[in-house]
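Below, chain A partners chain B and then partners chain C, in two separate complexes.
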Partner chain A sequence: MRAGGQKWEWHIEPRYWRNPLIYVGILVVAPVLIYFIYPPLLPTIIEANLLAAIAIPLALMTISTGRMNFGPQFYIGIGGYTAALLSIHFHLSPGLTMLAAAVGGLVFGFIMSPMAIISGGLYYSLLTLLFPLLFLEATYIFTDLFKGDTGLSGVAPLVSTGYFSLNLLIYAFISLTIMLVYLFAMDKIFRSRYAIQMAAINDDEEVANSIGVNVNKVKILGFTIAATLVAVVGWFYAHYYQAFSGQIFLPLSFMLKIFMVTMLGGRTQIYGCVIGGYFIAFLEMILIRLTGDMSPVLFPIILLILLLVLPEGLFGLYRKRRYREYMPTLRFRR
Partner chain B sequence: MLGALETTLIYTCLLGSLYLLVSLGFSLICGVLRIFHLGYAYIFTATVYLTWMFMTLFGTPPYSTTVLVIAIICMLAVQAGIAVAIYKGLIVRYLQHEEIIILGLLFVAIIVEQAALRFYPIQTGVYLETTVIRGVSQLGQVTVSNQLIFAAILGIVITGLFVLFFLKTKLGLAVRAISYDIHSSRLMGIQVQRVFMFVMVLTLIPVILATLAIAPIWAVDPYMGWGYMSIAILVSVLGGLGNIKGTIMASYIIGFVHSVVGFVFNQPVYMGLAALVVVLVMLIVRPQGIAKSETVW
Partner chain C sequence: MAEILKVSNVSKHFGGLTAVNDVSFSINEGETVGLMGPNGAGKTTLINMICGSYPVDSGKIEFLGKDITKLPPWKRCKLGICRTYQIPRPFPELTTLASVCVSALYGKDRPNRGLEDAMTEATHYLEFVGLFSKRNVLARDLTLFEMRGLELARALATEPKLIFVDEVMAGLNPVEAEKAVRLIEHAKDQFGVTVLWIEHVMAVLMRAAQRVIVLHYGEKIAEGPPQEVANNPMVIESYLGRG
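Now for the complex of A and B:
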């Protein structure tokens, strides 16, 4: 490229940053357009960003441990309840509750990370499946603290401009920022040498150990970081809805939504998680508007059909047509 | 002290036998097909609501015994069809992709639950008059429903029949062989796919009988399956996934835990949590369970 008689050379070739920039641009511009054209769509955009923001660290957890965690919603519960309790009882600002939620996710993630080392295969899946159910039981038992089914209400909002649509727009940008930060961080991790170690653990743990990979360290780090990031999403839910109830976030139905985001996104493909998140959120919204009270029946039916017809997800369709490696592909193995 | 011991013993036997009936199918699928049937909850909900659907289709209240029997037969046929469809449409195709099977089975359970909720909400008042023995009995200081005693005895009888089937029949031998080593079983000429399909249908029997037996005395709603599935998971994991011996022992252990917490300490709200904690500890200390796991016997 020439400009002012001088030859200009890109340090990084455009083909590596052009498409990501276009897609991020679309994600940034879309909420603004929707705000002016049809503001009721903004909650759907927020939900899509949050689903993607949960699925992206889950991809890290899955790849780093080589196992599928069936209870990511446990850390949403940790983050959400921590933020809600501190906001309601101690009137802490959202910034401080975010810090507390992250610390809560870090602590619980670290305490539970040995599961990824001790248990394998089905037992790991069972343990991770049981923890959110245990948490849900605890919210019913300790009703004074967690308020059972009703949940905690009266959490301070993140944003309060006095205009509902403007609040939603700002929430949309905050959720988008969280998702993009997670995406950028995971992209960096998956382009680093840690990704090669994770790939080695995925393929064969014993061989990886024998060639000097610190398997336990990689698993614990991946698990703990992912748990912390998911807990922050729980924090956002608490301040966004100004309430938090385990009845909504801890049961298997919410876990299924997160997993469909992961599966539709191409199974631990982090860019696919964004596609999966938007697809699931908009599908649910469209079904509710078109079919009303039949949507809870039709939604899982459609997701089941998609799961069977597209085992590689929507992102898999794209990869079949345009197979290019922008980064090392890590394959998740059972 | 003696009263507490009596209460514990009686409820351990009753609840343990009931949990055995509930968990037998789940354990069998884990042991033979080696999959984690997270959609097991749908069987309970489908039993109740399909029976109710056929009852309202073929008769008017008050429903006669003939209508009930016809409804149950139709329900059995539909349930068998669903089980075969799940096996052929999902399990056979994705046997190498465990996450797809687990998610697919969960979706099936949620679809059945939401369909039941949509077409027969709780205010419909679904009630199955499948009481076999009415009234209550006094066992020492404990007053127990006769239907509950019947369900417990049924659990023991059905388990005994299952054990006899696996030990004394050729087909049972084939099922055990597959649970030990699937490849050697194929070499010996066992039609593995057909046996798998048979097991999928066989596992419906104890669950359907358990649901029909306890429907008149315990709560019936579209979400009922999850509670029973949780118990089935806990019992199967504690006993050793897929092992019937372990399932028998574990169901009485869980029954003991529930009876002590619920009836001796009078804290029924902690029953679920207590059982969960026991199983969690077992998963950490001895992940393979009480008995050798992943073999049927």
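Now for the complex of A and C:
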């Protein structure tokens, strides 16, 4: 190509299309376009962002402990109920309820974190699976407080412009901000010196311990930070729906969705979590519209088939061919 | 020579089985000490106790005059104790450079060491064991000999004062075994480490060790220069049985 007598060559090199700003730009522009073209799609975008925002800290939790947590929704429950109870009974502003939800997640995460030290493998998975269900039972037992059957309602909204679609657009941007902040923070952690010790723990914690890695400290820190971040998502759910019910977030069906985001996205790869979140949210929405009542049955079946067909996940399709180019190698770990 | 490690009356039981019974010995700085014994003699259990992988049932372990009996493994590593494994245990999904980098970062306390500094340091150790060309290969893709080299590099990168080498010859062909022995001898010279070498192959310890300790059914049955130990009737009996 010639322009002004100068010869120009246009190379489409990986460094151009791998630039994360392109993808962030797409995620930012998409809600605006949807707002003008088809606003009913905005809740799906919000759901996708939130699923990714849960799966990204879960990746940190999984990698830093070397164990798969099957109960991240427990911390959504902690954050959601903390925010809802404080908002309804004490009329605290969303800013304060977010702080309280984060503190709740931090405290419960810290209390639960020794689980990653004393148990491993199947026992750890079963224990983590059990806690959300126990919490759900507790919401029925202490129904005066948690309103186990109906859920808590009357939570103050985060935004109220008077226009429903505009509210949704603002919620979409808040959820996107949460997700991108998590993504950016995890990216920083996974490229730092702390990631390399997490990778070592993930591979062989006894050997990591013998070469100077304080395994217990890494596990407790990773677990607690991830629990805090997930609790903030619970806070958002409570204010977004202006209600919070354990029946929606604590059962296994919600856990299955998060698990699929993690696995289908690409086995706890943080970028894969974003792809997985959008994929699952849109798949669920399409199935509900196409198959109606059959969707609760079809949804898990399709996901299981995809899990079998794509063992490395959606992001793995891209990553698995070029993983050795990168250092440290943690970013593409399971 | 100053005493670097002192093990006093150490015992370990697994249920009714006594793996190590009242073993005492010491190692001086700069020495190469061999630890021998038939299979199941308790050699690796003893090393596991000194490194902190197994808690000690009774007895005391001192390193550079400090009681380390109750310390966790990572603290012992920071003091200067490191080991290799009988069956190599690399970090399978990390590259060799990243594996050694973990040790360079977290082994000995080195203030202000960043990831880049650790990477540079790690390349030095990889070069030493001859794995520089494989720095970006995943550890799981290495051969057995290379894995042993990686384990040595990983251990050396913690800047240890005392290194335990656990049956480095197992599974290697004679050429590789010779290379491995030379590598450990070079490591001792270059990095000034003290070596406790667990080995079945008598000829290797005859050549490399200044002193040999022999365990049998968890008890120390002999200690002394290799030639003397090789002629000890109790050692011969423990290996070959009663005539």
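Everything below uses one rule, namely that the second predicted complex is superposed on the first by the 305 of 334 C-alpha atoms of A that agree within 3 Å, B and C clash if a C-alpha of one lies under 4 Å from a C-alpha of the other, contacts with A are read in each partner's own complex, and residues count from 1 in each chain.
Methods note: contacts are C-beta pairs under 8 Å (C-beta built on N, C-alpha and C of every residue); 3 or more make two chains touch, one makes a residue touch a chain.
As the structure is a computational prediction, the values presented were derived from the model and not from experiment.
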Touched partner set for A:Leu256, first chain B, second chain C, both or neither: first
Dominant toucher of chain A (residue count), chain B or chain C: B
First (chain B), second (chain C), both or neither touched by A:Ala199: second
Partner chain in contact with A:Leu308 - chain B first, chain C second, else both or neither: first
Touched partner set for A:Val213, first chain B, second chain C, both or neither: second
Chain B versus chain C as contact partner of A:Ser125, first or second or both or neither: first
Contacts of A:Val297 with chain B and chain C, given as first, second, both or neither: first
Touching partner for A:Leu133 - first (chain B), second (chain C), both, neither: first
Touched partner set for A:Met68, first chain B, second chain C, both or neither: first
Set intersection of chain A contacts, chain C complex versus chain B complex: 334
Chain A-touching residues of chain B, taken from the complex the two chains share: 36, 38, 89-90, 93-94, 97-100, 102-104, 106-108, 110-111, 114-115, 117-118, 226, 230, 233, 237, 241, 269-270, 272-273, 276-277, 279-280, 283-284, 287
Contact footprint of chain A on chain C as seen in their complex: 51-53, 72-74, 77-78, 82-83, 85, 89, 91-95, 97-99, 101-103, 105-108, 114-115, 118-119, 136-138, 154-155, 158
Complex contact set, residues of chain A against chain B: 68, 70, 118-119, 122-123, 125-127, 129-130, 133-134, 137-138, 140-141, 252-253, 256, 259-260, 263, 267, 293-294, 296-297, 300-301, 303-304, 307-308, 311, 334
Contact set on chain A toward chain C in their complex: 192-193, 196-197, 199-200, 202-204, 206-215, 324, 327-330, 333-334
